[in-house]
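Two complexes are shown next, each including subunit A; its partner changes from subunit B in the first to subunit C in the second.
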Partner chain A sequence: MSTLSALAYVQAMESMQAVPLTEFRHRRLSARPLVIIPLAMAGEAGAPLAAMVGSAKRNGTLLVVAQPRNRDQRFAFAADLGQVVMDYIDSFRQDRRGEGERSRYTDAPQILVPNPGGIKALADLGRMCRFRSTSGPYAVPDAVPKFGMWLTFLVERAEQAGTSMLLPVTGMLAEHWATGQSTIEDQNLASLMAWIAPPPGLNVEQAMAEAENPDVCPPAGPSTSPEFDNRDLAPAIRRFDAARTLDDPHALAATERELRELIAGQIQPTWRMVWEAISLLRSVPEAPRTAKRFERDCKAFTDYSDYRDSGGLPQRKRDAAIGAARRLGWLEHALAEFESDMAFDDRSVLADRRSAGEAFAGMVVEAEPSRTVTTAKDRRVPRPLVTVRTDDPVRLAADTRLISPSMPAGHKAMIVSVVRDGDTTRVTVEVTGGMGRGRIPKQGTVPEPGQRVAYLPDPGWRPAPQFPASDATPWTHSAADEGDTDSAVLDDAAAEEWGNED
Partner chain B sequence: MRKPVDDRLTALRGSAKRLDYSARSLAALENNPRCTLRALLDASGSDKVAIATHAGHPPSFGQSSFAITRGNAFEAMVKDNGCAELLRVLRETLELTLPEVGYEDLNDAGGDGRSKERHERTEEVLLRAARGEGDGTLFDHPMLRLQIGGHKAYLEPDLVAFRIDGRFHVVEIKSFPIIDEQAAPSQVRAATTQACAYIIALRDLLGRAGIGEETVSDTIVLVAPKDFTNRPTGAFVDARKQVAALTRQLSRIERIGDLVDLLPEDLTFDLAPDAEDRPRRPAEELTEALDQVLATYRPDCLTHCEMAFYCRSRARAEASLDVLGPAVREQFGGIDTTTMVMGLARGELAPSEDQVEMAAALRHAARLRAELEDLGGAA
Partner chain C sequence: MRTDTGTTPDPAAAAAAATEAVLADMASGRHRAVVVDSPPGAGKSTLVARAAHELTAGGERPIIVAQTNNQVDDLVVRLARDHPGIVVGRLSATGYSPPPVLDALTNTTVGRTLADLAGCRIVVATAAKWATVRDATFGWAILDEAYQMRSDMLLQIVERFDRGLFVGDPGQLDPFTIVGTERWIGLPHDPTQNGVSVMLAHNQNIPVHRLPVSWRLPSSAAPTISRAFYPFTHFSAGTDDDARALEFRTAGFGRTDLDETLAQAFTTGWALHELRRRHVPRTDTETLQTAADLAGRLLHRGAVATCERHQGGRPLEPGDIAIGVAHRDQADLVRAALARTGNPGAPGVTVDTANRLQGREFEVVIVVHPLSGRRDATAFHLEAGRLCVLASRHRQACIVVAREGIADLLDSHPSTDPVHLSVRAKFPDGWEANQIMLDKLAQHRVAA
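So, the complex of A and B:
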């Protein structure tokens, strides 16, 4: 965090209202996102209790597991939810453009959950479903393993910075607004909304108090409030169980209805709040480079969709050494690119980097526009020198490659020297690119004295790292019992313990 | 002449019954070791829930009955039939060669469920085992005792296993899942810290009989459900660092006198309850007393300390940067309040010598913000 954004939080706390951190919304918001609010049973691993799902505020579907400990009901729920999600995903597999390698879908799904816990709940659900077998002793409906694999794909994609196929709403809000509370409290959707858009008639302080009162604002999940569990849910589940034991269809229907109503009461406030947050986010203009990142989402979506169509295996339980290293490389690169994209698009984010000394802006005080050098290939090329005076606390070193949001596209430069001069700093850069092909730079491609320019580090292109073939992994990086096979399905996967009674 | 420390702690607690340390409250020591308020409330055995509630900030972390039921059912299942499932985990998952097994139930001492009697029986049985007499290898719910700040605290681990490598191992049975050999780090950490208290107590018990501390392993055995099933799996967790940390915290409790000495002589957290246990002491008077003690609030206190809501409201009232959490706080080393930050940023306050650099960064940030506002950007 930079001093500038830290200051925004302090300002929010002092003024008791949220302070925007960015000029733009850097995440794409689909015209038709699918909202899922997963609820899980406390104390039990991957025991879904309910979910509300839908792609419009007015048509949310509530799915409930009456007895979350019962694994048949659990997978029936997974099949129902899976059907809704798969229908949604399939609706994006219609319009495809381009030929051969470049062929891809023109749109991609977007699933929104209230908070990071929601992503964890979907990850657990994906892990629980993707290895299940649709035949044999513990067969599950066809939709279940497919749903599990898609969920796992979306969860893994969500780890990559700048992607938009699966996002927590709290994260999107907190990227744009600073509040006068901590990160922990910001993960509570109601608390966060209390700062950004308190309910009518309440000030931020009152709204914050209500947000933490589970009787007014039920938690946004995946856990329900312990008071609700003990006071309402546990007795209702007991009544359902009793009706089932008695095999009384009327009582069963009545107790099931009661459970649905109870859970609806807990989940609907969050449902409304998520949609409210979405319309708030829509009012923030989308950053220009979001479109470029969305292209990559479409590509990833197309690739995975084709892989599924070709009968691909479920994702493995744990990455092997090479897969993990490759993935880490991608994640790092995506993060660097996303940060640079944001600073390029957004003056507030650029200011943030400047405050941290990772970028600078200032006035050109000297320029040597006609300087040329001879390359190793004996070509004379323009390499103008430009000196910028800045108030920013520059912490970049010589030889750092730079890009500039204030110059024409393609402009590249490299730091030659950074010299402190009283309260200011003089940064001399050599312009290395974006000047055209001639020996004399094109008009307007070299900053002129008196001009204001901004520079930030170039995340650059990085070659894909080379790894040994999977059968040539050194013993230090291969697990003896796995042998790094391509088979992602482990033998015991389908035989995972089952049992309805605990 | 000041009163001895114990009398002063008793006075702090007042008329309420003393609450002893438990494995849970000991584990909390490690979470926020610098908090004086927490240290005093725990050392004096005060009822934090009652105090926080009367001060107008009741804690909110109840436990769901589902979690409790699940925890108990899982533990019972692991221990069924003389710990058959546990043995399977130890032998198959953790690949231990265990000799013949002797299960000892220490849940009561010949029908006596009182802590003191159970502790005596535990002591007798464990010492016998340590000396190579008797054939006990698994001890179910032994009752350990630890002397903390001159008070006895009884601690009850789920299970202690002997003869894994010829040493005692604390076994923690938890109901959070280990999915694909990974469990939630925060839950593992909480379980480990709790187990550390048992390790220290166990070493203390054996140490009193002249048996060295190496007899108790500082690796704990964590037993938890595998993936999404009800069947247990196990893992070794290295607790060395946390044992050292907790030992250090315990030795600090012995020096609680230093903290007590800083307090006004007549300070008390007494709620002065009536016959029906309703507090009669005016709430304002109680908060005044609490306000006199230094509290180190951090947002993560909200997840584990009963006093957290009170401390947060106090931090808010003081405009303390603690409210915003460590990420923001770290940016302003040496500055405590929002008032000070804003004052320096606006150039209304003159920085002290060690604030000069910070003030320059703040004024720069404020200029950037003004620049953005001029450009019609975010503000």
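So, the complex of A and C:
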């Protein structure tokens, strides 16, 4: 944590109200997001209990698995939820522009969950669904495997920094507001909202006390409150099972209704709160570069959508060596680019980076605008030198490539030297790009003495790392006698009781 | 440890035997890879140069992969000097300017592509540069500092060679990623792991050698470092107790607190300069200024170092001293504090983080303890590799500057890292290594 963000957290604590950390919201917020609040059953990994889903506050659909241990009911639930989600996703596959390779959908879906645990729950659900067969023994409805594959696509995409197709609301809020609580506490939607926007008539302390009381503010999932589990849920499920065993349709309907009401009571406060958070987030202006990142989301959405249409296989259980290495490269690049984008757009984020010495801003004290050098290809090109005096604790080394939010687009520079001068630092940079094609830089493309400029490192374009072909994993990363690991495991190794076989 | 020195009366012979065993395994042709674990200062570069020479003598045209440009430069200089008859090529990126010492050598060539280096018997480059080379295959590659190379990097260069000699120090800092993802935990080919572990996980019967003697660490340090950071592969010091010594050139006057610490370090090889117990941010002025003052005082009083290389003694120069810290902002502040000491030699003292001190060697090292003044012990600060790097750079003495209370901090923060299926327990455990180091330092404590 840098000095500046630490200061914001301390301020929030002292004034007992959330303090904005950024000028902008760096995540795109769709005009029509789909909110999913997944609940899971305690004690059984990956057993969904319920979900509330919908793309408007007033038309949320509550789906409940009355007996989460029963596989038939689980997949019936997955089919219902899958239908809602697939209808939503399909509604974005209408408007497609561009020709051939560049053809893509103009909009992309956005699913919002209350917290990072929600993403984990969707990942589990995706893994549970995507390999299921729609024929043969234990067949599941057609929507299930497709839903599983889409969920997995969204979850995997969400790992990449700066994407917006699946996001936790708490993450978006905590990125913009500093509160007086810890990072872990910030993952609790209710207490985060208590800091940012306490309910009318309550101050932050009172709102927080309520947020921590599971009877007033039930947890935002995926796990439910243990008290609720023991006191209400377990007996209700038992009554439902009893009714099922007796094969009494009236009792069955009554116990099912009772369960739905119980769960509705747990899930609806979170549902309302998520929509409140969304309208809060709408009031924060969106950062300019969000649009550029959204285009990449649209491309990824189009590509996966075409892959699905062509009958593509479900995602693998585990990454293979080359896929994993390639993926790590993307993830690192996306993170560096997202961090740089944020600092480029947002003065507060830039100030944060400056206080850590990873960027600097100051006054131009010297400039040599007419300097030229001869390149290796024997061309004379302008390479003006500019010296900036800054009070920032610069920690960048010579030869670092820079970009500048205070200069016209395309401006690029490289650090020549960093010299301490008493309490200030003199940074000399060579302007290397964004000056037009001529031998003399265009007007306004080279900082002039007296001008204030800011610079930050250029995450830059990197050639994609070249790995061996995916079917030729080299000896260091594959065991010679291994063959296909997955086929070495018997098909029925994961066999389990399917449900109440009756 | 005592038994170690007992069974290896002649460290030179033990080291030579280990080297021969490595070369024999390489020559046998039975293995695709040979791994050499090397504790700090155990003659890794010598082994690399020797192995490269043997390979060229056998008609091979080996390549050498190092991790940073500095490491490549050092290796090229080393190879060219040791083997004047061999032309060494240095493959580099555009914009690279060779250091003067490399320019002065006649049997080196610098080139941007392999075609430029057609006449070279050995080609050296960074892993990142080798990753850009296509369509060339060599019989042997020597991978230096292989434990610092990530598995995804190894995957990019592995097609360039048939067999590999992996040389490195397993006790130093592991490679890392800033991406927080759990999806590869437990996979044998986890791309965030180091290349050696991944290669060993996929290949059975790969011979793993270790170099048994540290030529850098003095006999006062080798047993402790060995026990704390290399619990299963002990090594001993290559020099005996009286081979190395430090002496002041002037008598002390004023600043008795600093002098007491320096005297402790000079006589025993270790010193813990302990400041009052306080919770402080890592940028705590008192701690960092004390580290700088110790270096300043050392320069001011002047010291003569005697060792096997300089048996008549040699005055310590600023370049012989390093100050090691955990974070970059601490390094900046120590540099500023050094300037405040007013000593003309102060700017020549090396100040850097553990990551950047890896692989380097000094006479005296002053360490700001990563846990000093902290309220909690995070995985970053407990990492064994970090402390290992800091505490194993010195040939004469190591001085640790810390706030009192690290022992209590360790006691209240036992390792709580989650245990994952299929992930081998990592040794040494950072928490335990820290305890062993603290135990040792407690015997050399000087309260400020």
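The rule we apply is simple: the second predicted complex is superposed on the first by the 478 of 502 C-alpha atoms of A that agree within 3 Å, B and C clash if a C-alpha of one lies under 4 Å from a C-alpha of the other, contacts with A are read in each partner's own complex, and residues count from 1 in each chain.
The definition used in the following text is that contacts are C-beta pairs under 8 Å (C-beta built on N, C-alpha and C of every residue); 3 or more make two chains touch, one makes a residue touch a chain.
It should be emphasised that the depicted structure is a prediction, and the values quoted were computed from it without experimental measurement.
In the superposition on chain A, A:Arg318 contacts both subunit B and subunit C. Ranking subunit B and subunit C by residues of subunit A touched puts B first.
When the two complexes are overlaid on their common chain A, residue A:Glu44 makes contact with subunit B while staying clear of subunit C. Touch criterion met: A:Pro393 reaches subunit B and subunit C at once.
Touch criterion met: A:Ile184 reaches subunit B, while subunit C stays clear of it. In the superposition on chain A, A:Glu23 makes contact with subunit B only, while subunit C stays out of contact range. Of the two partner chains, neither subunit B nor subunit C is touched by A:Thr61. When the two complexes are overlaid on their common chain A, residue A:Ser355 makes contact with subunit B while staying clear of subunit C. Using the contact criterion defined above for the overlaid structures, shared-chain residue A:Pro474 touches subunit C, although it does not reach subunit B.
In the superposed pair of complexes, A:Ser370 makes contact with neither subunit B nor subunit C.
Under the contact criterion defined above, the residues of subunit A that touch both subunit B in one complex and subunit C in the other are 318, 393.
Only residues 1-4, 6-11, 13-14, 20-23, 41-46, 124, 127-128, 180-185, 212, 214, 223-224, 226-227, 229-230, 233-234, 317-318, 347-348, 351, 354-355, 391-393, 496-499, 502 of subunit A touch subunit B when the two sit together in their complex.
Residues of subunit B touching subunit A in their complex: 60-71, 73, 175-177, 179-181, 225-231, 299-300, 302-303, 319, 321, 323-325, 327-328, 330-332, 338-339, 341-342, 345, 361-362, 364-369, 371-372, 375, 377-379.
For subunit C in complex with subunit A, the residues that touch the partner chain are 32-33, 94-95, 131-132, 134, 151-152, 154-156, 158-159, 164, 177-179, 181, 183-184, 187-192, 195, 198-199, 202-204, 328-329, 332. Only residues 159, 318-322, 324-325, 327-329, 331-332, 335, 356-357, 376, 393, 395, 399, 463, 465-468, 474-480, 482 of subunit A touch subunit C when the two sit together in their complex.
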